[in-house]
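Chain IDs A, B, C and D follow the sequence of writing; residue 1 opens each chain.
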Amino acid sequence: MDKRIPTLAEAVAGIADGATVMIGGFGGSGAPIELIHALIDRFLATGSPKNLTVINNNAGNGHVGIAALIEQGMVAKMICSFPRSADPKVFTDLYLAGKIELELVPQGTLAERIRAGGAGIPAFYTPTSYGTDLAKGKPVETFDGRPYVQERWLKADHALLKAELGDHYGNLTYRMAARNFNPLMAMAAANTIVQVSHAVEPGGIEPEQVITPGIFVQGIVEVPHPAQEEELNRADAHYPEVAQ
Amino acid sequence: MTDKLSNAQIAWRAAQDIADGAYVNLGIGFPEMVAKFQPPGREAVFHTENGVLGFGEAPKPGEEDWDLINAGKKAITLKPGSAFFHHADSFAMVRGGHLDVAILGAYQVAQNGDLANWSTGPKGVPAVGGAMDLVHGARRVAVITDHVTKDGKPKLLEACTLPLTGVGCVTRVYTSLAVIDIEGGKFVLREKLPSISFDELQALTGATLHLDGPVADLIVPEV
Amino acid sequence: MTDKLSNAQIAWRAAQDIADGAYVNLGIGFPEMVAKFQPPGREAVFHTENGVLGFGEAPKPGEEDWDLINAGKKAITLKPGSAFFHHADSFAMVRGGHLDVAILGAYQVAQNGDLANWSTGPKGVPAVGGAMDLVHGARRVAVITDHVTKDGKPKLLEACTLPLTGVGCVTRVYTSLAVIDIEGGKFVLREKLPSISFDELQALTGATLHLDGPVADLIVPEV
Amino acid sequence: MDKRIPTLAEAVAGIADGATVMIGGFGGSGAPIELIHALIDRFLATGSPKNLTVINNNAGNGHVGIAALIEQGMVAKMICSFPRSADPKVFTDLYLAGKIELELVPQGTLAERIRAGGAGIPAFYTPTSYGTDLAKGKPVETFDGRPYVQERWLKADHALLKAELGDHYGNLTYRMAARNFNPLMAMAAANTIVQVSHAVEPGGIEPEQVITPGIFVQGIVEVPHPAQEEELNRADAHYPEVAQ
């Protein structure tokens, strides 16, 4: 078994128009910039994929990564907890113009809905958002005298993730706080594609140190020295590059 | 009574349907034998409920490490690329549809796919383990079993009489006499031992056997 | 307008109530300042939603590692004994009642403990982050805030007029003028600046201030 | 902060009559034998604790660990998935005599109920057990055309666990498959006490390799070279020792 994919282009080739795509990362930490940019390259060359539903904690920063994906008009809907950012122009403009849909989900509920999708739990109850606008229309049930909101699982057609080590079986480790949503999204997508900073042979990750077991991963593509969104934005990078 | 396959031969036959790269859970006991018969050139990754993926065969006697066991509490070994995880992640794999196939034993299987394999009734101490999760989680749930009980009664039935493990979950049964699919609430015969006639097989089966195309000979090597 | 505490002084006062050994989440922005004022001899362990426990202060400029950030996307450092985990485990800590205290900012707080701190209404892009989870998870939810808005209107109210973050969740409010507990659906005044009279404070508060024993002087060093 | 407890006796001193106690391990792997035996010592010396509800995947093996706890008459109820064992005499005899209560829970549901207890999720839906005797009396709801059973969280007053490394903050690692239920129970108990084979200084566990973060742990006690239940049973050990 060897889940390695030779190129970024092949790694994102299976994503169709209208697909739901989970994208790992919290802000720039753990964001699979190269996979996202490969998807933009494909769109610019072929006009596809478009009308994507993207699930991420945020809605992009600056003009790279998810922000660039939105800027290209490839995204019809965002599901996230915090679409505001230091440089929010891309999402904000489209949202205020009514050109992109937003499903706002509290961060812990977002994480738990994704985990539920991966774990075969179609619905669960949480105290979070009870009595607020974000609970409107959702079933409420009382357990042990306290009211809880029913939330549904979230699944995706694809997940685009970033990890540190990845072996041929798709076992993964993550670098520091770049872990965040990545292991959850790996579980919840039918097709989980991961850019790893170092591809290693089976045995190259201690079994006790595997964070995402390979069963949750369909493909890995090695991207040594990946770009860091925060650094790109501090350099005012755009993707694709624009004449300044 | 006609010839029948040994347990090892039933396990061999079930192993032939496991695709290269499949993630597989084998039930405790007899189903564990399936791992021995992976066809050459194919690699399956085995999952055990207690938190190991990618384990290998049993260690030599005396070399057991009792922190490294399978769901049947038997000592196992690791292969390169294995992973440990806790029980909730383990059953996320099961319930979340990440296993390609689970192969389980059975007391009874019904023609609608109902399975009874955890309780023989109110006597004794009940114990269920992970069976109820596996039958509703794996993408394909297959059963390996003798075609009849020790006293010759059918195990493939119109409806189970023993307490159910799961409803409508089994899609293929490998028995000591035949390979039978469950489709649209019916038993569909796919393969049978050449030495048994259709009528003989039907007589040993507690529900109607349907045909949907030719029935292949079930030919299994000595193993 | 009378004297009032600076943000740093409000944060200092809130820090005095954090017990040794407490697990603490500080909201993005102003509440992060509380970490600077841990009293000597006490050690709190700080949690951030994006999966770090036991982090330290900001690195020197130029030494940031952008894989090591807090929920406000600011670079942090690690202390010995820190741990990384994914977002579901992080919010298991929050929702499961494992945090001793969360200290958050507020637009408005109501006398029954309702908090509004995520939305100023339908204008602009809404964003909620982890606030709704924190207010129903931490064992103690405290607010630090100016006593009034920038244009002098009360932030402590009979009922919030802005969209709620959580219902009946706040138990203590540290303001620029006072320390107020929320008990039995009432604001109970515990401490106030010596330079402000009860009547002056009441006039700046949108709901009745109750007394339950003596009111201490709120005395905070220059920080 | 230093969560180390000097002795096993002090580690189990807080467990009262009638308490609910989660005990880690799957069979003998990850079973905190020394903590359990310390609890038996306390009972033999003081008559307490008794009437315990014990949550574990199994109901003990042989005459050590949980089996010995049951044999002493300290356990009023077991919550487990597989109370049968190779040497089931202790639990079986009491159960068939109606002297011990059993709540039988499918293994994955047991794990998820414990995780839910730790994660503040009062209830969730699972396909597991639908249409079986174990779903009797439980609410059923249909999501996306498929029926699911509602299950409730499980919490405990105490958890007695076994880990490999533990630092002063209570951060833990586990040895191979001894992980099993231990990290989940750490989350779900109000008072989580862990026997660790090696106590280390803060920094002695890489932050990326922590499996149970210390926030879930109230106390650790070092037990070097812990006994392995399987080996004790192969030697026909009894606790407390009996004249043969």
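The rule is short, and it goes like this: a contact is a pair of C-beta atoms (placed from the backbone, for glycine too) under 8 Å apart; a residue touches a chain by one contact, two chains touch by 3 or more.
All values derive from a computational prediction rather than experimental measurement.
Participant: More C-beta contacts across C-D or across B-D?
Facilitator: Of C-D and B-D, it is B-D that has more C-beta pairs in contact.
Participant: Based only on mean CA positions, could you tell me how far chain A sits from chain D in angstrom?
Facilitator: 36
Participant: Chain B to chain C: how many Å between their CA centres?
Facilitator: Roughly 56 Å, centre to centre.
Participant: If you average the Cα atoms of chain B and of chain D to get two centres, how far apart are those centres in Å?
Facilitator: Computed value for the inter-centroid distance: 30 Å.
Participant: For chain A, what residues touch not just one other chain but two or more?
Facilitator: As it turns out, chain A has residues touching two or more other chains at 112, 115, 119-121, 126-127, 174-176, 207-208, 211.
Participant: Mind pulling the chain B residues that touch 2 or more other chains?
Facilitator: In chain B, 52, 84-85, 88, 91, 94-95, 136-137 touch at least two other chains.
Participant: Going by the touch definition at the top, which pairs of chains touch each other?
Facilitator: Those chain pairs satisfying the definition are A-B, A-C, A-D, B-D, C-D.
Participant: Which residues of chain D touch chain C in their complex?
Facilitator: Chain D reaches chain C through residues 1, 115, 117-121, 167-169, 171, 187, 201-203, 205, 207-208, 210, 213-216.
Participant: Which of the residues in chain A end up touching chain C in this complex?
Facilitator: 26-30, 57, 59, 81-84, 86, 88, 91-92, 95-96, 102, 104-112, 114-115, 126-134, 174-184, 211, 228-231
Participant: For chain D, which residues count as touching chain A in their complex?
Facilitator: Touching chain A from chain D are residues 112, 116, 119-127, 141, 143-144, 146, 148, 152, 173-176, 179, 207-209.
Participant: Mind pulling up the chain B residues that touch chain A in the complex?
Facilitator: Chain B residues touching chain A: 20-21, 23, 43, 45, 47, 52-54, 78-85, 88-89, 91-99, 136-137.
Participant: Inside the complex, what are the residues of chain B that reach chain D?
Facilitator: Going by the criterion above, the answer is residues 48-52, 64-69, 71, 73, 84-88, 90-91, 94-95, 114, 119, 124-133, 136-137, 163-167.
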